[in-house]
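Here come two complexes built around chain A, the first alongside chain B, the second alongside chain C.
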Partner chain A sequence: MTTTAQTPASGTSQGARREGDTLTAYLFVAPAMLHTLIFMLVPAGAALYFSFTEWDMISPARWVGLANYQEVLFNGDVYPDFWKSVQVTALYVVLSVPASLLTGFVTAYLIDTVRRGESFYRLAFYLPVVTAEAAVGAVWLWLYDPQFGLVNQALGVIGLEGKDWLGTPSTVVPALALIAAWQSGTCMLIFLAGLKGIPSVYYEASEVDGAGAAQRLWRITLPLLRPTTFFLTVTGLISALQVFGLVYVLFSGSPGPEGSGLTYVLHLYLAGFRNGSMGAASAMSFLLFVAILLITAVQFRLMPRDFED
Partner chain B sequence: MQNTDTIVLDELPTATKPPTGARRRRASRSDAPRNRRNGAPAALQVVAYVVLTLGALAALTPFIWMVATSFKEPQDVFTRTPSLLPLDSQTGAWAGTLDNFREVLGLGGFTTAMINSVIVVFVLVPGKLLLDALAAYAFARIEFPGRDILFMVILATMMVPGVALLIPKVFITQELGMGDSLSGIIVPNLIAAFDIFLLRQFFLTIPKELEEAAMLDGASRMRIFWSVALPLAKPALAVVTITSFIYHWNDLLWPLVILSDQDKYTLPLALQALVSGRVAQPHLVMAGAVVAVMPVIAIFLIFQRKILDGIAMTGLKG
Partner chain C sequence: MKLLHKSLAALAAATLTLTLAACGGGGEAADANTVEFWYYQPTPEQAQKVQALVDEFEDANSGISIKLVEIPKADYNTKLASAMAGDRGPDAGYLDQPQMARFADADQIVEVPAGTIDDADFYEGALQTNMVDGKLYGVPLQQTTVVLFYNTDLVSTPPKTWDELVAVSEDVNNENPDVAGVAVPKGDGFGAWMYPGFVASAGGTMLDEKNKKVTFADVPAEEALDLWHTLLESSPREITNSDLPFQKGLAAMMFSGPWDIVGIREQFPQLKFDVALMPMKETEASTIGGDNGVVFSGADNEDAAFKWLQFLSDETHNAEFADITGNFPTNIAAAEASTLADDPQIQVVLQQLETAHARPAVADWIQINDEYIARAIEAAVDGDTPPADALDEAAERAAKLLGWS
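Up next is the complex of A and B:
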């Protein structure tokens, strides 16, 4: 395989092509491709296969057809908590995604408004994002402590009664959503980049027309940020559907009070890695994958044509 | 795609310039028209400062509370009135102590976990940087049969959510004899599709002429990669290094499913074990948390401009 074997067009566009380049290129990409084959492509096929088997990862897998899907989805005796975990995750998504988008947008908008201190505010709001899940869980467990935690003590100062936030089923997911809002630094950064990308001519024109700040926000800023909002909704949804580490630390690997902290992936983890039902856990993974695909596809469908660029 | 090209072209190089005084001044000067553009009147400015400052305080309070608790004597932890400083609950005098850190690091496994975490990131991050850069360079700079298909395969793997492949990935790692070992943490993470993509976009922006000069001198591809392309790609390599370090230092899920032997635990796992074992001793748990987050926070504070600009420009999830 030499350079002259290529079409003339590619030969001229690549002035730097030389003998032996093809071999070198294969050597350069070989580790990446081999790794992708072993740790991505083979698992992708295996994931589907194992979901049709009864398997504990130790003894050989036994083909059972659709039994796992049937048990997970419809047999409440075998997996009594599956739909509970779907509920918990849905509630978490519904609360946490808007909470972090809203917090992220408000902080970004205000940072874009003030004249000074941008780098300090960016830093402060992003710090929670780089913090390890294990540490986030540890700190919030202590912040939410019913007796001595800062949250309840702060509420006490303004005369409100505290709660056992992580011990009461109805407050667990809202408490998780508050943590998500606290970690909304990524939304803030991307919204901020979006705000800075809005050409000032729009604002100048609106000023000539006598529009106020609120009108500008409503008529110019928000509509022009729709692609950004869309991007953050899709990525936020995908990661919220997979929430695991935080609940695992907060509830020490248990489902939380009355299963109120049993997110989908925690349920999957417990089924596979605690109870050894890897076949069923594989079926759950595949269902999650399909759900994510479908939700993303629907979102793209709902996305108005005008900003597909 | 086109969009990302220009973004990386324009922004990554700037992201690495040291935040010198001159640059800051320029930046704040250009703030003025932007704010005028937003038409923010003085009153709104004041409101914005007040809300932002309160918000920043709220964002930082958990860290302050964590650090304060980690320096408190046990009897000063459980108090009716919260204190964001390690004060004596009776007298209100300064009562900070290092005992909690001594105790946590003396606890079985916590020091070992720290060493394990250091080993993992110091082998994994440079290794993955090199392998990702090699592939990215070939995809960007060398024309070879099948290049576009192979690159599409890499891109396609970015679309698959991590949890979907978790179980077979664990199985393969065990089958390769790397179960319950640090190599089981390192090897399966040596290639990151997103980093290959990011580095390729950056290599595309380096002028070809620089390489052609080296080729005329008879340098090999490997030599050009190593001595010409890599040094020029430092800004992108820095972003990949820092984000990879933070990600793998913090990662809980993968070590959790791979490791069972406590002697192999990484810091997040050891911290999780500390949390579940000592819920009633927050001063110890917070000391452990401080140990686990300090390296990342230090790196983040040092490289904040590079990290924040890099993330904002690439849309990388933190």
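Up next is the complex of A and C:
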């Protein structure tokens, strides 16, 4: 380390200096690369290998080729809930991603306009993201309680009838999406950074031309936030497809009423760790990986070309 | 190659284990005289009592030392499987009853040597949970079952039969529509665990392992689902889905285990309740749960490990050990001599344990329970699928999974 760091000062030739810089750079990224290698790539490779085996974690794995993939996808007798879990997850993505983008944007927009205490609001709206999932689950269980929950009480005040939100199959995923919308602190922060990045000259110029607040929002803010929105859509979709912790806590590891809370990763987890089908669970995780890869590729294809402007 | 395989296995286990936080590196104690014993993490006071038992054992068996490893119950099976995949499993430990067949089939646990325990000392149901293919693979350490809980303000005489149960439930709900008759079990893993007790009461069984036949779609099993479906009419889910409905007086009855006797006394002292034997149809029956002590095949010193299990299950120590960990003794003499026997509510549980049935000993039982039977319960109890249809579908799937005709 010390020798390379001193290289530029010791007046060596250009080539040697560049070589030294490269080495330094590699040393700096080495911890991150090692982390990726040891904790992500190697295990992912192992999971790929195990997806071709029948393995219950306690006896040796047995090579079965593509049988796991075939059974997971097509054998409804062994995995009756696989497609159900795909449906639940798809519905969750469709509801939760736009919902958290919307709340994230609205809170960011409002925070951007406050004159005082911006950091307080930033913190307040970010708290749900850093709160332990178990605590979030416990709090929302109470909020959604069919008899005493605040949600039903609030609905009662405006004359609407309460529901058994987490006990009725049709309301489970919307209830989950609402929690996701409440946890949109990350979206808020990134939107806020995006808002700060819009040069004020645009607003000033438009005001001179007589544009109102709505026009400024519609014609300047939103178009200029497109790269931000795109980024958040991609990352939001990826994380929504992998939702697990919250449902695990809310339904204590069970799939919820009529399987309505059986998200893809919960199904995968139960197959691997509860039913001892780690091979099939690995196959499921690779199917999810491929799905995410494809969806993201499509999103990049659809991405508008004029981002740099 | 073997090493590569093992390390790959360990890594895959580590990544896939979402809940597996830093798994405190045990396993160094490869000392032949040390028995590493895994059990569910108790409260700190309870842990001290377990340590006292260890001290007593070590005094009596010089040369053997016991290394206790406490694992939170919710993560136990996951951590055990991950540790074993990484070749760092314990010498001995708890094993959840329905896991016995899977571990025995995979040769991961050792058959209990003849003469280690005397079968006649133990409750039949608890002992049966250790049998796989007619061989004994573990020592029953602690057990539990479910009984009927009833709110004495709402129910004067506890129902003894299914018909009475339905009648009492209807009376309660007619009297006050905001109160449910019974917190009816749901189509989840817990409900599916209780269900075999009801089937047994109606004179049925879940599987016929000898003749390789799935029997949980027979008439008694249908009758059990019919009962739950009927109970639901006087026990709306909007009420019972609330948090702790029985404890808060919103449900007049529930089926639950001794942990709730203790829990309610401590946390809901104002609730007036009592317990009774499960209402029956043809015969008295309930379901059994609990944990067995097993010795894993990688154990350095099997003899020492079995001695420790013997110690935990004997007449002198079993009641104390089971009590420390919040469960019931499996040793009959220990149960009868224990202070538990003075508590009338606990006595009901002890009596119920005599008719508690073990779950089928097949490796895939957890999946059949959680996915197939739970789903059938849900469809027939909460949904409108006729019990026969729901159970036939589940039975067909179970037969395919088990490779039975």
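Operating definition for what follows: the second predicted complex is superposed on the first by the 269 of 309 C-alpha atoms of A that agree within 3 Å, B and C clash if a C-alpha of one lies under 4 Å from a C-alpha of the other, contacts with A are read in each partner's own complex, and residues count from 1 in each chain.
Please note the rule applied: a residue touches a chain if its C-beta (ideal position, glycine included) is under 8 Å from a C-beta of that chain, and two chains touch if they have at least 3 such contacts.
Computed from a predicted model, the values in this text were never measured in an experiment.
In the model built by aligning both structures on chain A, chain B clashes with chain C. Judged by the touch definition given at the top, the superposed model places A:Leu166 against chain C, while chain B stays out of reach. Using the contact criterion defined above for the overlaid structures, shared-chain residue A:Ile295 touches neither chain B nor chain C, since it reaches no partner.
Which of chain B and chain C touches more residues of chain A is settled by the count: it is B.
Once the two complexes are overlaid on the shared chain, A:Lys196 sits against chain B while remaining clear of chain C. By the touch criterion defined above, A:Glu204 reaches chain B but does not reach chain C. When the two complexes are overlaid on their common chain A, residue A:Ala46 makes contact with chain B and with chain C alike.
In the superposition on chain A, A:Ala67 contacts neither chain B nor chain C. Look at A:Asp145: by the touch rule set out above, it reaches both chain B and chain C. Of the two partner chains, chain C is the only one touched by A:Gly259; chain B is not. When the shared chain is aligned, chain C comes close enough to touch A:Asp77, but chain B does not.
On chain A, the surface touched by chain B in one complex and the surface touched by chain C in the other have residues 39-40, 42-44, 46-47, 50, 57, 141-142, 145, 147-148, 244-245, 253, 269, 272-273, 278, 281-282, 285 in common. By the touch criterion stated above, chain C contacts chain A in their complex at residues 5, 8-9, 11-18, 74, 77-78, 81-82, 84-85, 102-103, 106-108, 186-190, 237-239, 241-243, 250, 363-364, 366-367, 370-372, 374-375, 378-379, 382-383, 396-397, 400-401. Taken together, the chain A residues at the contact with chain B in this complex read 1, 6, 10, 14-18, 20-22, 24-26, 28-29, 31-33, 35-36, 38-44, 46-47, 50, 57, 106-107, 110-135, 137-143, 145, 147-148, 150, 153-154, 182, 185-186, 189-190, 192-193, 196, 200, 203-204, 207, 212-213, 216, 231, 235, 238-239, 241-242, 244-245, 248-249, 252-253, 265, 268-269, 272-273, 278, 281-282, 285-286, 288-289, 292. In the complex of the two chains, the chain B residues touching chain A come out as 19, 28, 31-35, 37-41, 44-45, 48-49, 51-52, 55-56, 58-63, 65-66, 69, 77-82, 131-132, 134-135, 137-139, 141-145, 147, 150, 153-154, 157, 160-172, 174, 176, 188, 190-191, 193, 196, 208, 211-212, 215, 220-222, 225, 246, 249-250, 252-253, 256-257, 267-269, 271-272, 274-276, 279, 282, 285-286, 288-289, 292-293, 296-297, 300-301, 304-305, 307-308, 311-313, 315, 317-318. Interface residues of chain A facing chain C in the complex, by the touch rule stated above, are 39-40, 42-47, 49-50, 55-61, 77-78, 80-81, 141-142, 145-148, 164, 166-167, 244-245, 251, 253-255, 257-259, 269-270, 272-278, 281-282, 285.
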